[in-house]
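Next, two complexes with chain A in common: one pairs it with chain B, the other with chain C.
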Partner chain A sequence: MPKYKGWAGKILRVNLSTGNITTEDTEKYKEYIGGMGIGYKVMWDEVPADVGPFDEENKLIFAGGPLTGTGAPCTARTNITSLFPPNPENLVADSHMGGHFSPEMKYAGYDAIIIEGKASHPVWLRIEDDNVSLENASRLWGQGIFDTSADIAGMMGQEAQVAAIGQAGENQANLSTIMTNGNHSAGGHGGIMGAKKLKAIGIIGTGSVQYAADKEDWINLNEHVMSIIGANNQHVVPSTPQPWAEYHDSASRWTAQEGLYWGAADEEVETGVCPPEDTNKIGYRTMKAIKDLGSISEDYTVRMGGCQSCPVRCHSHLEVPELEEYGESRYVANTCMGFWNHYYVNPNYQTEKDGFLTKTLGAQLADNYGLWFNYGQLGRDLKYLYENNILRQVLPGEEYNDIPWDLYEKGDPAFLKDLYRRLAYQKGEISHLTDGAAKLADRWNLGEDYWNNSSVGLWSPMGYPVHHANESNAQVGSLINLIFNRDPMCHSHQNFLGSGLPIKLQKEIAAELWGSKDAIDVPANYTPMNKAKARFAKWSLVRNVLHDSMTVCNWMFPMATSPLKDRNYRGDTTIEAKYFSQATGMKVSEDELDEMGRRILTLHRALTVKQMGTVDMRNKHDQIVDWVYEMDPDKDPFEAGTIKMDREDMKKAKTMLYEELGWDSETGAPTAKTLDELGLSDVKKELASKKLLPSKA
Partner chain B sequence: MANDNSQKHILAQIAKVIRKKSNKGNITKVNKINKKDIDLSDDELSEKIDLFKNNEQYEDIRILSGEKGRYLFSDRSMTKKYAKLMAQIEENNIKDSIAETVREDSKIYPRPTDISVFEKSPFNLEKDVLDNVIDQLKENNKYKDIKEVEASNGALYLYSDKYMEQDHAVGLTEWVEVIRKEIP
Partner chain C sequence: MSKDNEEKQNFMERPTTRREFLKKSVEGAAGAAVSFSVLSLFTDSAQAQGIKLADGIVITDPVKCTGCRRCETNCTAVNDDKAHPYISRIKVARNYNFAKIGPSINYQNGDGQFGDFTIVAETCRQCESPRCVNVCPMDAISADPKTGARVIDQDECVGCGRCVVACPYDVPTVDPEAEKSTKCTLCEGEPACAAGCPTGAIEFIPWKEVEMALVKRERLIENN
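Entry: the complex of A and B
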């Protein structure tokens, strides 16, 4: 792509069946930006609708975007696209990981790697710039992710970036990860690498990523971003009252404060007071350990870590000597659900210390095996099935009696050692916990009580749990949670709602961005659907797919707010378009870039229509389980104190979102007109040939 | 002229002390300005302080009246709200500082207040002291709007029923303490 910068210009295609390794120009994917966009385009063009996730014909696409590797803040995400085994219909979905993998891929000269076919024996893919080879992985097969990554780095050199699967992926567990850098994992696609017998990809890239802009403009834009950036999730107020701050919020991830230390560093490091203008201290702002693991973690925190080119360090790196008593390394790192998943699997722990050990031991084991937990769902499933005696019915007696339920009841972290081994090696009936909730419910004939139990936490009949849905601004979070084929991993709305600013300021900003202050509600005091909420939902979705395509971290962007009083706490939603323009030289406005995002989102919708073989997205896909409408029986929707939703109002909400996106207001499928407008006429033609265009459109 | 220069010099010295302390997160009580820094009697100092008012050169220097004295801070590095809170803490007026924090939380965000906030900086209250203060709030008519609410996990929150309905407080407490934490 000589005309444009940002992109590396080539895509690597590796056929594991034939051993063919080829490259092709990225140009044909330019309108789909990169990352998720490239992934959907390849899936649309090359994977027929009836293919299964573990079939040879399925493909797996690792992709960065034009910003990946440029060094712009928060741009190191890797997007992985394929069929999604935990989905009941194996519909296409993405998984994402941070770390350093995709920047290294760009430095090696590739915007994406398309994996196709199936190897006859275990292999790993070795990439050193133009030198690409498939290597025998027989010796690596059966190992965990930590040893595999270390062995590959031993063969390639310590600068190698490795993405690998563990035993869970090898054994094609639906809930398994692909992991890089020891603690950055992409959930749900590990089994596809396992089915293809691809153990790992190791990359060393010695090139660079060129940007089109004048150097001074580029630096100015970076400095602008550094001036308005907040803490993790773009929280813009500190968690405690501080001299510089007008506002605070105990839920904020801007935890830096006097007397809070990285207590296990060689020399204690005090996070201290970090006012916004002190950009050299951005890395101290977020001490995520105390959010995920409680105040006990302060003494175990060595440092905070994170992705390439990100000033916000959201991964907690800990030294926990007690893990050696369980036969595991004392050094553990992760963030957020990487720790919380295990709280759900071992919920009966008795002491704060056992809770801490549950989360850290669980992270260590799961990250090595490559197990995924569907945003905490696996643990909630286990609790429900155990407490309702369902496991006693569905597991063979010998197997049931072999599982140390006494440890589970006591909340002993050692329970995880036993359970996770069974899950990773897919041993016994219990291992079907990793099938994914919908497939599990089907196999064990779980009924209404399972689906409609708010403590189980399932949100969609597609088998994914509540994740910034109705609890996050009512219809807005709910709509966002309807569209994808897994939990949406969307934080566009959540970052704004969780900024920590007072409601008056938030409403002012909402009015500026989405046309009315009514785009947002006071939490747990909801109002009926309105047009501004539909705009907010559309914006959140479009930015989400843009971020996963460019690639930009959706846990930090969009930056609708800032910590700066002199900006009246306004952020800057034009940054993504400015970065895209400056990186590529392809000048786009904010609106034009959002339209590119709508194109990618609409292609995803078209893929879902094609795979499901129906245009009736409203009734066949965009559904919510009953508890969301039936919780808090003493309250009606829109009463203060509940996050309950109203069925008729949600029907209206869907219609309004479909209209905002240019999709058919009745079915929620893309219309012919919209497909043409978005340059997706080839998609329209194929859908028409399959009679999958809405009839009225 | 000499007096003018001397006065300017003294103001500059006082401002330097205030700014330095504000930068470190501290307010300055007028009668506690270090005599090593400024060689003035309390009365003379008090007079000089008023000269900061309407003085462009020192427009960042703010005077705050507490219940037990006057305080100075620089708004370049400290908000008025924080300075007021520090004055309340300095005067050991913990009940007001808690009640005002709770009222503001209920009014402007709105949210119930996690009482563990008061165990952290800048309040730094011991648990038993905090429990005792909360008991005192209940018995004092001045704080009758401050109510307790408990999340399903037992965590205690406070809210002001002047600004938040009980039903909302109950639902919001669960949302803040349980739902939002468990869906990180």
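Entry: the complex of A and C
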């Protein structure tokens, strides 16, 4: 696509059944931007509704977007689209990883890689610019992700960027990852690579990513972003009082402060005072280890790290000599749930140290096996099933007795060594813990008590847990959690709500963005649904989809706030449109780009309608489990101190969001009119032929 | 093969061995006289040519570097108006995942993201007697009159790659798109890589301080 820059211009298509490797022009997909947008378009066009995730006909799309690899801050996300095995109906979904993989893909000349078919024996895909080949992976099959990555780099050259699966993916665990750089994982799609017998993809790219803008404009825009960027999750105030700061908030991830060190670095590195204007200290702002692993972790922290192009380093890199006692490398890195997942699996630990070892050992094991935990759900499931004696009933006696429950009860980190091996190799009935909650509940006949239990934490009947849902601004977080076919991985709203600014200031900014200060409530002191909340939810969803298409990190963008007092803490929501325009040369306004996001979101919705074979999204798809409406029995919804939701109010909320998105207000399905408006007439035609357009539309 | 190329091919001249060499010299310094300049181990000063010295060099701190590689795309944004890490004059990507020698059987204890997390970025040493200058058949590489950086005249360069082969540090790179060689220009004295580093891990070190800065850096890498 010589007319536009930003995009690499080509898409690589690899058929594992035939061995055919071809390229095609990205131009066909430009209205879908990239990443998630390309993924949905390929799935819509090429994968029939009745295909299963591990079938030969299913496809797997790795995609970057026009921003990926440009060096614009926070633009190294890789979006992976396919049918989603943990979903009870295998509905389409995305998994995402950071790291350095998709930039390398762009430098090799590809916006996306479409994997189709199924190999007859294990293979890996070797990409060196235009030279692409399928290689025998028989020797790699059965290895963990770390060794696989090292072996491929040994064959290709150490500069290779590798995405690989471990044993969990090979054995088609529904909860398994695709992993790059040792600690960046995309959850839920590992088994698809396993089914296709594709162990890994290695890439070396020696080309460039070009942008359309004048050099000065491009550099100025980058500097503008570096000036308003905050800490991880765009938290814009520090966690402790700082000499430069008017406000602070203990929940902030801007943890840098005097006396807080990367304590295991080879020379003294103090995070120190990091005023916003000192852009050479942005990388110290987020000392995430103490957030995820407690103050004990400071002495083990070698440094922070993260993705290509991102100045905010959110991954903690630790040296934990004790891990060698468990037979693992002492060097471990991850962030957030990459550590917390294991706390849920081994919750009974007795000391702070054992808690720390649980999280770090768990991360090391899981990242090598390629296990995924569905945002901590696997561990909460285990606890519920063990404590309610359900495992004793569903597991064969011999298997039950073989599992070291004494270690579990003591909270010994060594329990993870035993359990994760069973899960990764899919050994025994216990391994169905990795089926995903909905399929697990089905297999083991788990009823109301399991689903309607706030400590189990399931939020959707599709089997994903509460994750910035009703706890994040009531209806707004709830609506965002209804639309996708997995947990939404949406932080647009969460970043804003968690900025750390005083509520009064947040409300002022909310009014500027969504028309009324009532778009946000005081936390756990909610008000009924209103139009501004619907706008806020729509904006969050649309930006989330844009970010995963462009690709831009949705843990940092949108930047609605900033740490700068002289901007009155305003951020800049036009950045995405400016970057898109400058990178591609397609001039778009903020509103026009948001419309492109709405197109991609609507295509996702159409895919869900097609796959489910019903227009009744409201009742068949957009559902919340009962505890969300029934928790805190002594409190009513909208009373202070509860995040309880009201059923009638949520019905109204759905209607208002559907209307904002141009979807049928009754069913929540895309209307013919909206599909036409968004240039999705071909989608409309196919839905019409299947009688899947809402009738009144 | 030219004499310089032969020298480059000699394994003893490769930086890995150079590091070993230094370690010995530093360890031995207390007991034995060191009869050569330590600086000569890091920057090529064996054949002084009378070429103007550079004002300094860009050096990275392997402890503070977190591998974001903003320096690479900042380098090519300023110098090439595109994002092109392969030709960046500061080389992070190639040692990001694994040590400079590539993944060994014991990679988990080596440098890099899959090892002990040490990121050993490589930069141009602006050598006193630069081999890149000496081998260029077009005489296209010379000292910038302002900064002394060894710069490649893009009009003269034919992209033959002899400077690439000659450099003991593997810094010059032929841009596969422009078919011209590129190397560190010091950005007229304000290196973009250092200006944009989010952890301040990149410094422009004045020439008179280069020797100790490099010794300290090598010690950090060695002790890791």
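Everything that follows uses one rule, which is that the second predicted complex is superposed on the first by the 697 of 697 C-alpha atoms of A that agree within 3 Å, B and C clash if a C-alpha of one lies under 4 Å from a C-alpha of the other, contacts with A are read in each partner's own complex, and residues count from 1 in each chain.
We take it that contacts are C-beta pairs under 8 Å (C-beta built on N, C-alpha and C of every residue); 3 or more make two chains touch, one makes a residue touch a chain.
Remember, predicted model here, so these are calculated numbers, not experimental data.
Model built by superposing both complexes on chain A: chain B and chain C fit together without a clash. Look at A:258: by the touch rule set out above, it reaches chain B but stays clear of chain C. In the superposition on chain A, A:250 contacts chain B only, with no contact to chain C. In the superposed pair of complexes, A:622 makes contact with neither chain B nor chain C.
Legend: residue contacts after superposition of the two complexes on their common chain; A:319 is shown touching chain C, with no touch to chain B. In the superposition on chain A, A:170 makes contact with neither chain B nor chain C. Using the contact criterion defined above for the overlaid structures, shared-chain residue A:504 touches chain B, although it does not reach chain C.
In the superposition on chain A, A:337 makes contact with chain B only, while chain C stays out of contact range. Remark: in the superposition on chain A the angle formed at chain A by the CA centres of chain B and chain C amounts to 80 degrees, rounded in steps of 10. If you count the residues of chain A touched by chain B and by chain C, you find the higher number for C.
Here chain B and chain C sit at a least CA-CA distance of 19 Å once the structures share a frame through chain A. The part of chain A that touches chain B in the complex is made up of residues 240-246, 249-251, 257-259, 273, 275, 291-292, 336-337, 340, 376, 466-468, 471, 498, 502-504, 522-525, 632, 635, 639-643. Note for the complex: chain B touches chain A at residues 22, 25, 77-79, 81-82, 85, 101, 108-111, 114, 116-117, 120-122, 165, 167-172, 174-176, 179-184. Against chain A, the residues of chain C that register as touching in their complex are 63-64, 66-70, 72-74, 76-78, 80-87, 93-100, 102-103, 107-109, 112-118, 176-177, 196-200, 220, 223-224. Interface residues of chain A facing chain C in the complex, by the touch rule stated above, are 69-71, 73, 100, 103, 107, 146, 149-151, 153-154, 157-162, 181-183, 205-211, 215, 218-219, 222, 226, 265-267, 269, 279-284, 302-313, 317, 319, 329, 331, 333.
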